[in-house]
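One chain, chain A, appears in both complexes that follow, with chain B as partner in the first and chain C in the second.
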Partner chain A sequence: MLNRTADNVARATPEPLAKRIRGISDKGLAWLFISPTILLLLAINIFPLFWAIYLSFTNYRANRPNEVVKNLGLANYQRILGDQDIWIAMQTTAHFVFWTILLQTVIGFTLAWLIDRKFRGHAFWTTIILVPMMLSPAVVGNFWRFLYEPQIGLFSYVISFVTGIPPTNVQMLSNVELAPWAIIIVDTWMWTPYVMLICLAGLRSIPEYIYEAAEVDRASNWRQFWSITLPMALPFIMLAVLFRGIENFKMFDMVNLLTGGGPGSTTEVASITLKRQAFESWRTGYSSAFAIILFVAVFGLANIYVKALNKVKQR
Partner chain B sequence: MADVRIQGVTKRFGDTVAINNLDLAIKDGEFVVLLGPTGAGKTTTLRLIAGLERPDSGTIHVGGHDATTLSPAERDTAFVFQQYSLYPHLSVFDNLAFPLRSPARRFPEEAVRRRVEDVARMVRIDHKLDNRSTKLSGGEMQRVAIGRALVRKPAIYLMDEPLSSLDAKLRADLRLELKRIQSELGATMLYVTHDQIEAMTMADRIGILADGVLVQIGTPRAIYSEPANLHVAARLGQPAINLLPAGLLPDGGAPTGTATIGARTEHLAIEKAANGHADGVVDWVEHLGDQNHLHVTVGAKKLVTLTDPDTPLAKGDKVTIRYIAPLYFGSDGQRLM
Partner chain C sequence: MKSTLKLALGLASAIFASTAVSNVAHAEDLTLCWAAWDPANALVELSKDFTKQTGIGMKFEFVPWTNYADRFLNELNSHGKLCDLIIGDSQWIGGAAENGHYVKLNDFFDKEHISMDDFVPATVVGYSEWPKNTPNYWALPAMGDVVGWTYRKDWFSRPELQKEFKEKYGWELGPPKTYDQLMQIAEFFQKRQIDGKTVYGASIYTERGSEGITMGVTNVLYDYGFDYQNPKKPYEMQGFVNSADAAKGLELYKKLYDCCTPPGSSNVYMGESADAFKSGQVALHMNFAFTWPGLYKDEKVGGDKIGFFANPAGPKGHFAQLGGQGISVVSYSDKQESALKYIKWFANKDVQAKWWTLGGYSCLNAVVNDPKFPSSQPYASTFLESMAIVKDFWAEPSYATLLQAMQKRVHDYVVADKGTAQEALDSLVKDWTQTFQDDGKM
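Up next is the complex of A and B:
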């Protein structure tokens, strides 16, 4: 009985593919399968990277392709590191990264913690909370610009309703003080659900019996939170911070849609500066060098951070 | 240490009755083992005493006080879970110290250290105090879990199959250690298992649970030699007791109403049949190393008993079988006196 079943299975199993395509070894076949991906990766990722590294040492300008390209050595890099505007853009970026991460982590973790209470309808609320994350950034940027409108925007209306300040004075996008916060609010609104999702996964991974053990051991809810919930969810929180940190270090879409870097250059983050240098001033070589510096900075910071993350995980 | 009294406790989960009208009294310093198959309500009983579940009816007294509605923290019990419920990000030392560092207790740190070191020695984990609790073997983790219960001096220790996930050798070691520790401390302990050897070797009294009902409670000897019914008889003994219909073998002296006769090895005299009459045929002799099982076919029934390693019986031998004061059970499954 069993033998016959095995025979049937053997008969029904097709010959290995390599046997049927003559002249191609297993290894050859494997290469055949992955070559489109490799070619694509080379064409749109690896080659441009090396091309940008090359350009960063030259005075090349993309709008004057016929001009002679001179090799400048490290001059581009020297100029960038001495450029006051670049440092201001970096500071603006750091400011954004810090506040968005802080707000998103605190609110995201709190939401996750509340959802994890498993109250009635918690699945429904999870879905509702996730909606902003599912929208396209272009859509989010455009309708927040609408909400921020001083005359007709709902946001300005609510603020003036609560505080009594006339809505025309709540110029979220054109006030030098408020514009950075306008962007921080939108980014937080959009990406807090993402942080919440990761934190929720962390909280769900803590087994129930640990809490029961702690309860029998007479640990208060407060102590359970500090000595069980937080330490055990910490690797997940740190992961969320890493993802959001890298993402917001290169934040472009929301700033470009909402303020375009203005008013003045108050919301000009590094990626906006980069875009202005590359596609408004057409200093291709110079902006390539800046891009490389940003890349190395993100890469280095992320590496240090991942090391710390692994240390926390191993505990 | 204190006594624990459970009176008329019933606990339902939805439509299933996990515990049905349970009465159980555990004396101060007593080691009681609850024995029963999976789903009999053993763990639920422990969780009810710990306060992790609330009874639907009935009362639970700990140390003479009514604890029925108290929270786990107010009950003063210590619980060893079946899973190693260690705090994974803490060291062995901090795991053991966790119950002592409760703000409600306010132990000075020096006293905590001394107590933890004492207990660590007791459960033989003192060489790994600085290790992360996740970097231990299964046996070490369970020692820490047991140690974490022992650092306190609660009214009662509740242990939920603490040895079930360990290998046989370690289980035997820890079984002895637990019994030693319990008698050293004079601890009141309620211990749940489905392992009859654990129950027989450690318990002062064994309680047999089946389908949420406490079928019988008594000393290991009493449970073994005077089981209340077929269920209890079938739980103890290795190989399992032979349950034969009345009349299969000559059973002079059986009380009226006997439906089933329970016969363990010591209740059977098996001899090679002389010419003529025979009751059964030897099926095979099974050598297990530490034990030797004799399988005999009697009519449509099979018997399994212990035998000598050098038994003269062999496959195909005809044998005569006689009862020696076996256990008699009525048609309702209850044992007849």
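Up next is the complex of A and C:
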């Protein structure tokens, strides 16, 4: 009776799909399932990359589809590398990336360290600190533009209250010296919580018994910080730096909303230059070459950095 | 199972049929693409008459000025069918003609007896012709526009201010005729207390992203001797773009920006400039003429409080930057017949007269040369005076590249204090030369 039931169940159970579709192995079937995803990735990621590489060697302009496309060889690359304006944009980007990462790391780690003390209401304050990160960059850009407004902006009035300078003289977005810092302040305000979260994860991953052992050895708080907290949280800090570095290297939205690259070209980071060349001047071949150069730079730097990160983790 | 299949088929057929019917019902609807601004609203109103007469419905795709060029040039470059009719910017005409985006209208004009001689000559050259000054028409002049100025008539007429001004500068406070006078007025009002409020001299174009600062600074440059090229030798720019006189004009614009604009004026274009005037911040306000009807109607600063004047003259001439657009039929549209019907209707004298009364700026001679025209609106005579002195930016297929170069060089100098005026214009010549060399024109 039991055998008959088992046979019935076995008969009712559908055969593996591979057996029903003749000639397809399990491996073949696996490929069949993942091929739509691979095709999609090829279509939206890999093909455009290779297409951009091809265009970077040509004089193609997207606004002149009827014109003959000429092969320029390395001329676009040579022109970009010899273009003073491009180097200024790269310097502006480097300045922005350096200061935002420095400030976000220092403030983010400090906040994480304080939050990790688990004082009363720390969960509430953690949520409050995270709010800027949850906002859309478009919203942040727009309301900071109003805050920086010299005639009605709250920021100008606060600076005026503290320093005594008339608020109309605090022209954060119009002043050549202040405009880069205006963007750094906003980016730091928005993304420090993100760095804080990663650092907090790092701090929480340090086993409590290490601190207890240090207490037994009568290590001071300062000594514990330098010998336990910082080294053990370092891989997390480096990870946060990597994420923010890549993100800020291609920063566009905030700069575009706050200053549009101005005044003049003072805050024109590489992504703004790229957008202007590609979609305002319509130099598609030239901008493709610039995009490839940026891609190689970010890819190369990120690789070097990841190797350093792995070394730190292995220590 | 069968009944479920039947039900599904029936449902699908019903959905298909209803969609098809709806498509048939709106098959002749035309989509007109333009910028989102006051005249566009007037055109919506005006176009109701076209629908009444022809039964052809009108749909509109209006995009804010800051995205207008990006959005519609992308649409044209991708051969999109969104727009059947487009009111494209004057500088697009070269690229649109050479790349086949617009339908050439010569045969249609001949067939329908629409003569370009019936339109203001400057608008025909500016909005319709490519190559310039040849009888090849790609658009019908639709919206005349030009940069001009408004001023606070009520402030200018205050006796105490008039007295103080005359004592200081030796002439009666009134609309300036020259840039020196404009500068003096702007200086006079800068940071002055009027009715307990701090006011400023002038609001001028300084926008960096699209075309703002170029549309502003060219008004001064033209008057100081700037020319795009040697009139006798096309594309020769050395000594014309960067002449010593042109550099003086650029210096004056910077002086005006540094001295006499409200705080935070580093990125001002049409909207911001009009806002500065409407909020009672400035005595003088540079803007395209399309803003004038709205400002005149404004409760706070309009009516008797506002005056209008044409761009002042400079030592080397008297010009104003042309704005405005022509209306074209998009060559990728499937409804070109209907679109041409719209153009024919729009060219009609009565329609053009109504266009003016609704707030659009007609380019038809019969409308603007009507003896009653100068007194039809307080700004009508200033508009006419300004349209007589217009000059436009390059309309070459590479206009976008040329424009971006000028935006950068001028903004770097005027707003960001980078280098000298001469260096800015020298760099501009280099950029433009490179562009024309890339195009094979030099």
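What we mean here is this: the second predicted complex is superposed on the first by the 285 of 315 C-alpha atoms of A that agree within 3 Å, B and C clash if a C-alpha of one lies under 4 Å from a C-alpha of the other, contacts with A are read in each partner's own complex, and residues count from 1 in each chain.
Convention: a residue touches a chain if its C-beta (ideal position, glycine included) is under 8 Å from a C-beta of that chain, and two chains touch if they have at least 3 such contacts.
If you're wondering where the values come from, they're calculated on a predicted model, not measured in any experiment.
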item: Contacts of A:Y209 with chain B and chain C, given as first, second, both or neither; value: first
item: Partner chain in contact with A:P65 - chain B first, chain C second, else both or neither; value: second
item: First (chain B), second (chain C), both or neither touched by A:T37; value: neither
item: Per-residue contact with chain A, leading partner among chain C and chain B; value: C
item: Which of chain B and chain C A:P150 touches, first, second, both or neither; value: second
item: Which superposed partner A:R223 touches (first chain B, second chain C, both, neither); value: first
item: Partner chain in contact with A:G261 - chain B first, chain C second, else both or neither; value: second
item: First (chain B), second (chain C), both or neither touched by A:S136; value: neither
item: Chain C contact footprint on chain A (complex, rising order); value: 59, 62-66, 85, 149-151, 168-169, 171, 173-174, 176, 259-266, 276, 279-283
item: Partner chain A, residues of chain C touching it in the complex; value: 70, 73-74, 77, 79, 95, 98-100, 198, 208-210, 262-267, 397, 400-401, 403-405, 408, 411-413, 415-418, 438
item: Residue ranges of chain A in contact with chain B within the complex; value: 207, 209-210, 212-220, 223, 227-228, 231-232, 315
item: Chain A-facing residues of chain B, complex; value: 50-52, 71-73, 77-79, 81, 83, 85, 87-90, 98-99, 102-105, 132, 148, 152
